[in-house]
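Two complexes follow with chain A in common, the first pairing it with chain B and the second with chain C.
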Partner chain A sequence: MQEKILSIENLSVRFSLRGRILHAIRQVSLDVYKGETLVIVGESGCGKSVLNKNLIGLLDSNGFIDNGSIKYYGAKPDAKNPDLYGEDEKGTYADLAKFKKEKDWLKIRGQEICMILQDPMTSLNPLKTIGAQIAEAISLHQGKKGKEAKEAALQIMRDVRIDDPERRYKQYPHEFSGGMRQRVVIAIAIACNPKILICDEPTTALDVTIQAQVLSLIRELKEKYKLTVIFITHDLGVVANIADRVAVMYAGDIIEIGMVEEIFYQPKHPYTWALLSSLPQLGVKGEDLFSIKGTPPNLFAEVKGDAFAPRNPQALKIDFEELPPYFTVSPTHKARTWLLDERAPKVEPPEVIRSLNSEGGAANGK
Partner chain B sequence: MASNEKQVLLHVEDLKVTFGKKKHEFTAVKGVSFDIYKGETFGLVGESGSGKTTIGRAIIRIHPTAGGKVIYDGKQINGSISKELDKEVTRKLQMIFQDPMASLNERAKVDYIVSEGLYNIPGITPQQRREKVAKALADVGLLPEFASRFPHEFSGGQRQRIGIARALIMEPEFIIADEPISALDVSIRAQVLNLLAKLQKERNLTYLFISHDLSVMRFICDRIAVIHKGLLVEMADSEQLFAHPLHPYTRALLSAIPQPDPLKERKKVLEVYDPSCHDYSVDKPVWTEIEPGHFILGNQKELTEYREKLKA
Partner chain C sequence: MLKYLAKRLGRSFITLIIILTIVFVLMRQMPIEGYFPNFDKMTQEQIQNGLKLMGMDKPMIVQLFNFFKGLFLKGDLGTSRIYRNNVAVTEILGPKLPVSIKLGSLALIVALLVGLPLGTVMAKYKNKLPDHLGTAFIVFIEAVPAAVYYLFIQLYGTQWLHIKLIFDINDWKAWILPVFSLSLGNIAYYAMWLRRYMVDEMTKDYVQLAKIKGVSSTGIMFKHVFRNAFVPMAQYIPTSFLNTVVGSIYIESLYSVPGMGGLLVDVVKKQDNNMVQGIVLVFACVGVVGLVFGDLLMVLLDPRISLGSKGGHR
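The block that comes next holds the complex of A and B.
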């Protein structure tokens, strides 16, 4: 088994909003292994960003963790705050769920876990040159100063494929195109020398051609800097290229998780089927594209049973009554749906999924 | 539909659009010609900055044109035109904008946003206007009572529907959809695409669909034109374009489409377009019909190569 770098256990996050409580993350457990690319996919509002904001202490001030732990194996224990750290059979860990103070977070954020945000237009400082912004991260996290920092910054700019770094170093963000700005943001993240890189929809604001380039860049940097990547997106179409594992989130819960081939060729949860079949790449011209009816559940109310049941035309009666447990499909693949129970009637996945399955499954030797 | 039955609804000839003056003049669209037939969906695809949106906006008279002709239904609609024709254009041509978060007036109620265009038509009573709003909202799958709400109360998909309702209320013949689904979630995308297809069937609408994403184009468009730096480089029926992409830029765009298939994705080779691969110093490129309905920009040497590729 691979080495765990991060282990989220029974995490539950709530927000207090105008006197009401919203249950954004509902008892999520997730392991992240060293050196893998884990993709978290789901609709907007499913909690994928909230989950990841917990990892770097950027949860909005009205949100709080009311249960669970986030164990990060990799940080050195701090003698001053022994209660933030613990030890188990995997080694010492920092429990990020207990981190409260900004001072404590500074030890994690940047040098251990780093995040790339969606919109490169708003995540750079317009008043400072690109070079200064990258060098700042280097001097903060690698302790290099002056010329040394500049050299390191130029090297990183070359690594993220910014042409003519000497000239670009002195330029301001507005002189860069969207794709180039995203490369700068990635460069700043890399400059912190993190162990985990979280990419929150880094390509949504970009053109398709640039998107493909940024994705391959992330893959390349992951190899070079031995990063663990957590990639958040709403588009299953883009992840086939970079993912090792895929977790599908719905209404604050992970409903299916597995290796990328398992999710694409043998998806089990009706919601994963729905996400896949609504991709225009798989649509048949002249016919309606599959679309998911209704809206995600209201998380102010307690969700009963399978959260996706009200939007699932083939939902079983028990889906409305009881939360399905995780059924194990293979050692790496599990899904939270009653369809996998041995008493369940046989429900065939939609045709597009089956055709994907027969193409890929055959090539896969299954 | 056989080609002789097709009726040209919009004819664009050598369209040029420039911004700025004198020293800082910038030509965004450098002479573009195409026809859009009645009832079809015509796709315009290119990267940001290629001028695709500018063409759409020039057709609908938001940007003045610097040269060329835009002929809609037999009448020239660019340049200076009579007031009546201008009004007719405003009614018959409508636009759906990219970002539903930015394109709706935050301080106006949905009722006003949707019906704003009707205020310019004399002889519509408030009662008629309300009925039209209710109908337009129902057509796009929203409830009539939403009319009294503000845009911030809606999700992205619902806002885009409001944007579509606003275009529909004028009962247009021709709709320019400028990246109508780029800002939406995948699951919502499907809903909006289905809605656009349904409306087209019901009302025999003609669409100009602008996008940077070829995967969506293949699904919705009958014909596709590829634009790069203000020039069309290739134009063909969707299936033809996907089956035999000839221009290197088209090939680059096609190779960038993400496939929801891990095994194919891993084998995929990304083609990157480098404009310097063309040598146009002596032999100038011309816009040529290389096979019926398939146009391409290239010089004589390239055209010979393209023809050989088609035969193979």
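The block that comes next holds the complex of A and C.
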């Protein structure tokens, strides 16, 4: 078993919106292991980003954690704030769910957990040179100043493959293309020297060829700097490219989680089936592409049973009544669906999923 | 950059000529009754003589030519006729101009030194007590007629500082109240806009990234947001300097400051043509130079703006 670096337990996040309460994250539990790449997939609005913003204390001001804990096993405890820290069988941890003050978050942000944002065009300060922005992160977290910081920044710029770093160091963001800016953003993240790197759809705003370059860059840097990567995306192609493990989110809950092969070739939850079936690559020529009917549930109202049931044509009666527990498929694979209960009738996954399944058995790879 | 500046100053010069020409021509469209206080009792001959004395008997184009010839060759703006009879305009404006400029500059510096920090604090504590207090101050300054609080400041301020009501140019203490009064409007203005721009900037992604990087919120304010929010305001500063100088009419009359704030209105009413032209020249110079200076300030602050090269490199 690998070493846990982060453990989210029963996390529940709500937002108060115009006098109503929206339940965005519904009792999510998730473990992240050191050195892995965990991809969180799901459609827009399922809570992928909200979940991750909790890890870095950037939840919007109308959002709040009302239950659960986020145990981060990397931080040194702070004697002044003993109640923020705890100890269990895996060692001391910082409970990020209890972090409130900016002063406390400054010990986590950047140096422990860092994040790459979606849109590189807007995530750099337009009035500061690229070099200054990278060096700022270095001086904050590596204690280097002046020339030393510049040297380190240049090294990182070489690592993210920015050509001619000496010249580029003095340039401003508007002199960079989108792909290059995302490299700069990645360089800033690396410069913080974090243990966990969260990538919030870092390739969505880029075109496909640049996407591939950025993905391989992230993979490479992960090895070089021994990072743990949490990758958020709704692009299943990206998932196949980068993931070790995949968590599928739906309506603020993780409904299935497993190794990437398990999710692609032996998916168990009807939502995962539907998601995979809607891959355009799996479409049959001449037929309409598959799409999931209906809309995600209204999170202002309390969701009863399996959140996906109303959109699932094969839903069982119990799906509407009771939330299914996680059923273990393999030591690394579990899914939250009543179909895995031994009393459940046999429901076959759609044809395309079965064909994937047999392919996976033969090819056994990405 | 230098080429651009030369071009820009050349154009400014043309602008000045145009402004002066327009003012010159307009002033000469005024009814001639206005030049003579006892017009009704004068004979036709006396009137003609009077006009001749002012050089107004010649055709307009010749008058204009003579004016510019005097201005460029000798720096001569003519003599005042009514405000102070037969005294050169330059001689009248000479001692007044520095006083007004000094008053305006001091007021502007105070406005920047107080207004910018106020705006920053308001933005940092948005929707909290400092923000509300600041907003109350701004609303008060903008809504209450300036004359009201100017009077109060004069009355209570002079008592409190133990100084005379009347301005004394050589006493530094006497400068305090006029400068402070004059800066109030700009303090409110700078605070209001800086707060607004900063709040705007703080929602941007790069601020989010700076937070993620681990920069403290104070650090973000000063290292990232302030400069970015200041750029759109920078251009306004030289213009606001001009407004301060011109707009000091009330303050100058209240404290009897020997400046030139109220002078323009006064001499226009009296149809003292040469004085009007002289003052307009001064104000137009300040305005035009202010605009150039404002643009230069923008270039210094924002690397995305480049002057001169066409289209820039985006």
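Heads up, the rule we're going with is that the second predicted complex is superposed on the first by the 364 of 366 C-alpha atoms of A that agree within 3 Å, B and C clash if a C-alpha of one lies under 4 Å from a C-alpha of the other, contacts with A are read in each partner's own complex, and residues count from 1 in each chain.
Keep this in mind: contacts are C-beta pairs under 8 Å (C-beta built on N, C-alpha and C of every residue); 3 or more make two chains touch, one makes a residue touch a chain.
Here the structure is a predicted model, which is why all the values come from computation and not from measurement.
In the superposed model, A:207 lies in contact with chain B only, and not with chain C. Of the two partner chains placed by superposition, only chain B is touched by A:216; chain C is not.
In the superposition on chain A, A:127 makes contact with chain C only, not with chain B. Once the two complexes are laid over each other on the shared chain, residue contacts for A:236 go to chain B alone; chain C is not touched.
Looking at the shared chain after the overlay, A:137 reaches chain C, while chain B stays out of its contact range. Within the superposed three-chain model, A:192 lies in touch with chain C and out of touch with chain B [touch as defined at top]. Set against each other, chain B and chain C differ in how many residues of chain A they touch, and the higher count belongs to B.
In the superposition on chain A, A:110 makes contact with chain C only, while chain B stays out of contact range. Residue overlap on chain A between its contacts with chain B in one complex and with chain C in the other: absent. Against chain C, the residues of chain A that register as touching in their complex are 56, 58, 102, 106, 109-111, 114-115, 117, 119, 122-129, 136-137, 140-141, 172, 174-175, 185, 188-189, 192. Within the complex formed with chain A, the residues of chain B that make contact are 47-49, 155-156, 185-187, 189-191, 193-194, 197-198, 212-216, 218-220, 238, 252-253, 255-266, 268, 270, 272-273. Against chain B, in their complex, chain A makes its touches with residues 43-44, 177-178, 207-213, 215-216, 234-238, 240-241, 243, 260-261, 264, 274-276, 278-283, 285, 288-292, 295, 356, 359-360, 363-364. Those residues of chain C whose C-beta lies close enough to touch chain A in the complex are 204-206, 208-217, 223-224, 227-228, 231, 301-304, 313-314.
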